[in-house]
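What follows is a group of structures, each given as structure tokens.
After this come two complexes, each holding chain A, first together with chain B and then together with chain C.
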Partner chain A sequence: MTTRRRFLRTVAGAGAAAGALGFPRVLRAQAREILVGETHPLTGGLAREGNLGKQGIELAVNEINAAGGIKALGGARLKLMVLDNESKPPVAISTMERFKDAGAVAVLGPYASGLAFVTTQEAEKYRIPHVLDVAVADGITERGFKYTFRLGPSAGMGARTTVEYLGGLTREMRLGLKRVVLIHEDGLFGKSTADTLEKLLPGIGMQVIERIPHSAAAPSLNNEVLKIKAAKADIVIPSTYYPAHSLIIRTMAEQRVDVGAILSVYGGAGSQYRFIKDVGKLADYMLDGNHWYNPKHPRITGIIAAFERAYSQPFAYEWMLAYQSAWVLKDALERAGATDRDKVREALARTRLTNQIVPYPISFDEKGQNPGARPLLMQVQQGRIAVVYPGEFAETKPVIPVPAWDKRM
Partner chain B sequence: MSAEVILSSLANGVMLGGLYALVALGLTLIFGVMKVINFAHGSLMMLSMYASFWLATRAGLDPYLSLLVTLPAAFGVGYAIQRAVIAPVLRAPEHNQLLMTLGLALFLDNLALVVFRADPRTLLVAYSQTTVPLGSIRLNLPRLLAFAGALVISGLLWLFLKRTALGRALRASAEERDGAALCGIPVGRVHATAFGIGTACVAAAGAMALPFFYVSPEVGNTFVITAFVVVVLGGLGSFPGALVGGLLVGVVESLGGLYVHGSLAQIGIFGLFVAVLLIRPAGLLGARHA
Partner chain C sequence: MRRTAAGLGLLVAAAAAPLLVRSEYVIGTLTLMCFFAFVGQGWNILGGYAGQFSFGHALFFGIGAYTSSLCFLKAGLTPWVGMWLGAAAAVLVGLVTGHLSFRYGLRGAYFALVMLAVAEIFRVAATNWDYVGGSFGILVPLQGHAPRLFQFGDKRHFYYVILAMLLAVTWGVARLERSRLGYQMIAIRENEAAADALGIDPYRVKLAAMALSAAITALGGAFYAQYFSYVDPTIGFGPGNSIEILLRPIIGGAGTLWGPLLGAVLLGLLGESTRGLVRSYAGLHLMLYGVILMGAVVFLPRGVMGALRSLGGGAGERARA
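Up next, the complex of A and B:
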């Protein structure tokens, strides 16, 4: 908390200093503000992710304002109206109504798919442009909405691309990995991801030899891991929530179940620094296809450093996408040159951003989805998350097959 | 399915069953003595797991050694909770007692969400991934220790109840509250003691689960819902019933999970549960007159 306050003070200080220098434009700008709504789960089950999103947007808005606001609108500053949707769809609906009443020009958020299903619906009703940060469920952009814009890859795009990466990787490295075991939680998320993977994997010459569903709240995943061992899998693909994911890895280590690779799709664990902090060396060599930044982008190191300084948290893709969403809106406001919601929507629809911190250009198709969005493939190596595929973004080479558990403990 | 997988699953079921038994012992003791169903049992387990977690990460105290701190603390907390919250509703209608313990559970769980956040945390100790070979299978050391610890604690508790004056007072209060009071047993204090011991049992289970599990604000439910089944299966208030029930449920759940997938694995437990209730409504080892 103190760090955030300190950060805000610094930024405010910078703004004041710029004002003191006496640029008339800046002074005039401070008279005008553009209200931007932000709905995130700041409390409840998704509080961690929601707060990361909030911090990302805060960072972006501070940067935008410090750099002179929206120039096309006389340097108007962005003013955030942040509402907590408590991780609950009904509350998320009411936040949208409040944004409408307050006159917000657009809405950012809301991290989770379940929340986005309702916030996009309300945005459509009230004709407020809504730029999503994460919310990957395919269905969100399948309803013909005009005011919904998603810059990142959907669940289906993520799975397809990750499987393509896996295929490319095994071809290039000439790996004879064929036998895949899918281990997934037996709710909607795990099951639908496993269904998609089962359809896609034969396309790269891999065969799903077993699907192992498990309960997300199981006190032990011993049986499931023994089944992986019995199946003699080359690759294990978990699609489950974080606690179970962590438990699977720990149990595999404990039972010394050695496989060629453990790879997940939006699995989270392999691309979360908290996972590395949590399980230490056991996290090494985990592969994950997920949202990530372009490690070759010249500004990325500075942005991550600014975030880590301000919030004392290691990098997380949740804030990165939220940060990016605020810049997408900024770009649209510049081109719209107005705060009229329909003009901003028009401008968003014509977005053509390149050279962003996400590893893809940003534009929107008629459904509001960014067709060029894609995940990257990361691997944990010596406690660091490194991009390993595709080659144009790779920071290092992937280590596959992974060393046996006995050799690393 | 290979013999190795089945044996390993069986062993895992027995070890987990020991832990269920210890959680269930606390529940059954509280119910036996006070006739109160303690819905806050899981929340107390969660709190003790956080206590051991912080003692381990901040003070470098091994989770098993942290029992020296958390057990007396849990006893004190349980004692105080009984005095402050349970005692006033002890003679109230049963639904009031249920609402009281349920309310306590909701309060503690949400407090934990605010204070500890929803992030699950893992405590990795040097021996977290250590296994003990037994024939062709590998037993996870922390699970084995938790099983052994559960048996030792149950044994000590059994001796305490059978051999000490306080233990006899506990049993007397359980048998006949008013009669015990008439004989000069300070029933109020005995009740609070029982709640304290029950809380200490679940705290021990929590600390011993920590090296092979994770802790999060809702972690208690993972173990305690099963423990409720164990208690009813073994017979409400029955001490040996909790032990037998715990082991049985652990084994049925684990072996069942080999053949039935995912969330359905629990179908075995609940099938057994319904069957026992139909055939022996008082539970496997429950008093016949209950």
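Up next, the complex of A and C:
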């Protein structure tokens, strides 16, 4: 769909191109361009998330260029080369080859872990710095690649921190919640999260009384929810993707399965405004430990407003991490003062960013992981997603135990 | 004579390509083309020559990829050896599946479904079996440039490996086509009852086709695992992969020697050119690709090779005789 804005941008681009043809020397002298590769799943199963990432990077690059580009390089502008990896590893490989050929100074993307395994390996081969946005699988940074950088928390870090938050909450609020049911999809993400939780929950005095795996494509989860009911759980922890996640909530409401809290780890729905739009009031009181912004950051309201204006979409953490990744690269380019890939890599490795829109400082350990990264705990309250823990970022107090379904209708 | 000269010319061009072209992207695309031609040729033996339409060749692909990677990961065995163990395992599974299907005379859609189902069983099993990495799959540990371990720092080496594999298998299939077994397979494809009446044992011939097909596809899977150094249950055993494997021989012309190669080249070029043509609208190139694919299936029911043959009239047939 061509929006007016995009149309104007195209016209402006054509004008610039025509200008470049007319006065090539003048233009080149004024502002050089730095080619940055971006690989995202713009089609295929992950198209929605991939496009969010693309928009986040676009927004950041537009901001960077509007503010005068890379000052250390004479105001050079970032030029994005966006390639669709179609959610497929073989295509993801070919996008990396094209970045290498085109001479991209660094690569951003690729949203999903399965794709990141492939793109980081290619980046390592070609010695192209690769700043990841969302991909959380621990294995990506455990390979010790020198050209891979992940600013956000890994899957393991997310699960560990969320369990810590839950322990902190239980102590502070003196909650008597003990019996946990884990419901998870039987793929990579759900299963490994459930494994980690099963190990960690006893540490905060909770016991896993049942694990319910389900297929991500299950059309109905009635039986699974009946099992939750029979288990008399205090807390239900789903780790699954969006469709199953909203199905679980709907089915629990339908069958009036009341529990003390529903809390997910990197939940497919918990921290998505789409979820609130889809299930309405049923989304209320859902807790989720997930990527989020620092709500106390002075610039965050402006950035979110700018995004919503540009793309007519509510906030989503996928674009936020992608947006942040572009700024991490910008910072490294400023410090490197060169477009040499190895110099940019060196600069990235020495990143020390504080006061970013993510609620943690950004630096990288020798494996390229940001050791300080962490999720926040959010709760849906009256149709809004609010940070409820830890205290330093909390916008409001959590409501636990959550009201019964009968009291909400 | 002309045929041999053309073949030799093509071979020289293929071998020289990485020396002349500096683009990683072109090398990568050529590598994938050769790879798909290779596994397509594997499918072609069972699905093309023997006429047993398999919808689950990811089964053998996954076994090859998993076996060679696991042997490397758990026992440090070089994939150069592991790939043959993978082929052996795939042959074993192929024989069991083949026995169950052919013994009870499953044909057409039923055989296709059985293959699909067995591949799904392996996918679910691999997802839930932690020893093989569960749903996480397997990350092949990278050792940098280690030819001994089937790992290369430079893509060109991978290209030469798959090119050699493709040449070997094409030569093998060319021999098979003129062999007693090959004729028996074609006879069964054309009319199983008549072949049976002539004294051919369809059960044994089909099993032989299954074994050969399984072994080649598994070798392809082992190559994939080394090239991408990552395999998970969906990549290895998923139905999407089964479709990728059979697409090229079907488009190129099933049951012909050049079908899978032609299909791989055409689909490779088509995929890359549609991608390049319409970059600004995400997904449009996939639609275009799909439309052209549908057109190919509707208008070239016997693949591109079939169309070429009928164009060339009897000439091609006479040359073959």
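Following the convention adopted for this analysis, the second predicted complex is superposed on the first by the 379 of 409 C-alpha atoms of A that agree within 3 Å, B and C clash if a C-alpha of one lies under 4 Å from a C-alpha of the other, contacts with A are read in each partner's own complex, and residues count from 1 in each chain.
The rule is short, and it goes like this: a residue touches a chain if its C-beta (ideal position, glycine included) is under 8 Å from a C-beta of that chain, and two chains touch if they have at least 3 such contacts.
Note that the structure is predicted; figures quoted are calculated from it, not measured.
Engineer: On chain A, do chain B and chain C fit together or clash when superposed?
Structural biologist: Fit.
Engineer: Between chain B (first) and chain C (second), which, if any, makes contact with A:Tyr242: first, second, both or neither?
Structural biologist: After superposing on A, A:Tyr242 lies in contact with chain B but is clear of chain C.
Engineer: With the two complexes superposed on chain A, say which partner A:Ile212 touches: chain B (first), chain C (second), both, or neither.
Structural biologist: Only chain B; A:Ile212 stays clear of chain C.
Engineer: Would you sort A:Ala230 into first (chain B), second (chain C), both or neither based on which partner it touches?
Structural biologist: In the superposition, A:Ala230 contacts chain B only.
Engineer: When the two structures are overlaid on chain A, which partner does A:Ala47 contact: first (chain B), second (chain C), both, or neither?
Structural biologist: both
Engineer: Go through the superposed model and pick first if A:Asp186 touches only chain B, second if only chain C, both, or neither.
Structural biologist: In the superposition, A:Asp186 touches chain B and chain C alike.
Engineer: In the superposed arrangement, does A:Ser94 touch chain B (first), chain C (second), both or neither?
Structural biologist: Only chain C; A:Ser94 stays clear of chain B.
Engineer: Considering only touches as defined above, state whether A:Arg143 meets chain B (first), chain C (second), both or neither.
Structural biologist: Only chain C; A:Arg143 stays clear of chain B.
Engineer: Touch check for A:Leu166: first (chain B), second (chain C), both, or neither?
Structural biologist: The answer is neither, since A:Leu166 touches no partner chain.
Engineer: Quick one: minimum Cα-Cα distance, chain B versus chain C, in the superposed arrangement, integer Å.
Structural biologist: Checking C-alpha atoms only, chain B sits 7 Å from chain C at its nearest point.
Engineer: Output the chain A positions appearing in both contact lists, the one against chain B and the one against chain C.
Structural biologist: Looking at chain A, the two contact sets intersect at 47, 186.
Engineer: Where on chain A does chain C make contact in their complex?
Structural biologist: These residues of chain A touch chain C: 42-43, 47, 51, 83-84, 86, 89-90, 93-94, 97-98, 100-101, 114, 117-118, 121, 124-126, 137, 139, 143, 186-192.
Engineer: Per the contact definition, I'd like the list of chain C residues that touch chain A in the complex.
Structural biologist: Residues of chain C touching chain A: 23-25, 27-29, 32, 127-128, 134-137, 139, 141-142, 153, 155, 228-230, 232, 235, 272, 275, 279, 282-283, 286.
Engineer: Please name which positions on chain B make contact with chain A in the complex.
Structural biologist: Residues in contact with chain A: 1-2, 5, 8-9, 12, 16, 113, 117-122, 124, 128-129, 131, 138, 140, 212-214, 216, 221-223, 226, 254, 257-258, 261-263, 265-266.
Engineer: Which residues of chain A touch chain B in the complex?
Structural biologist: Touch residues, chain A against chain B: 44-48, 185-186, 212-215, 217-220, 222-224, 226-227, 229-230, 242-243, 246-247, 250, 253-256, 274, 278-280, 282, 405, 409.
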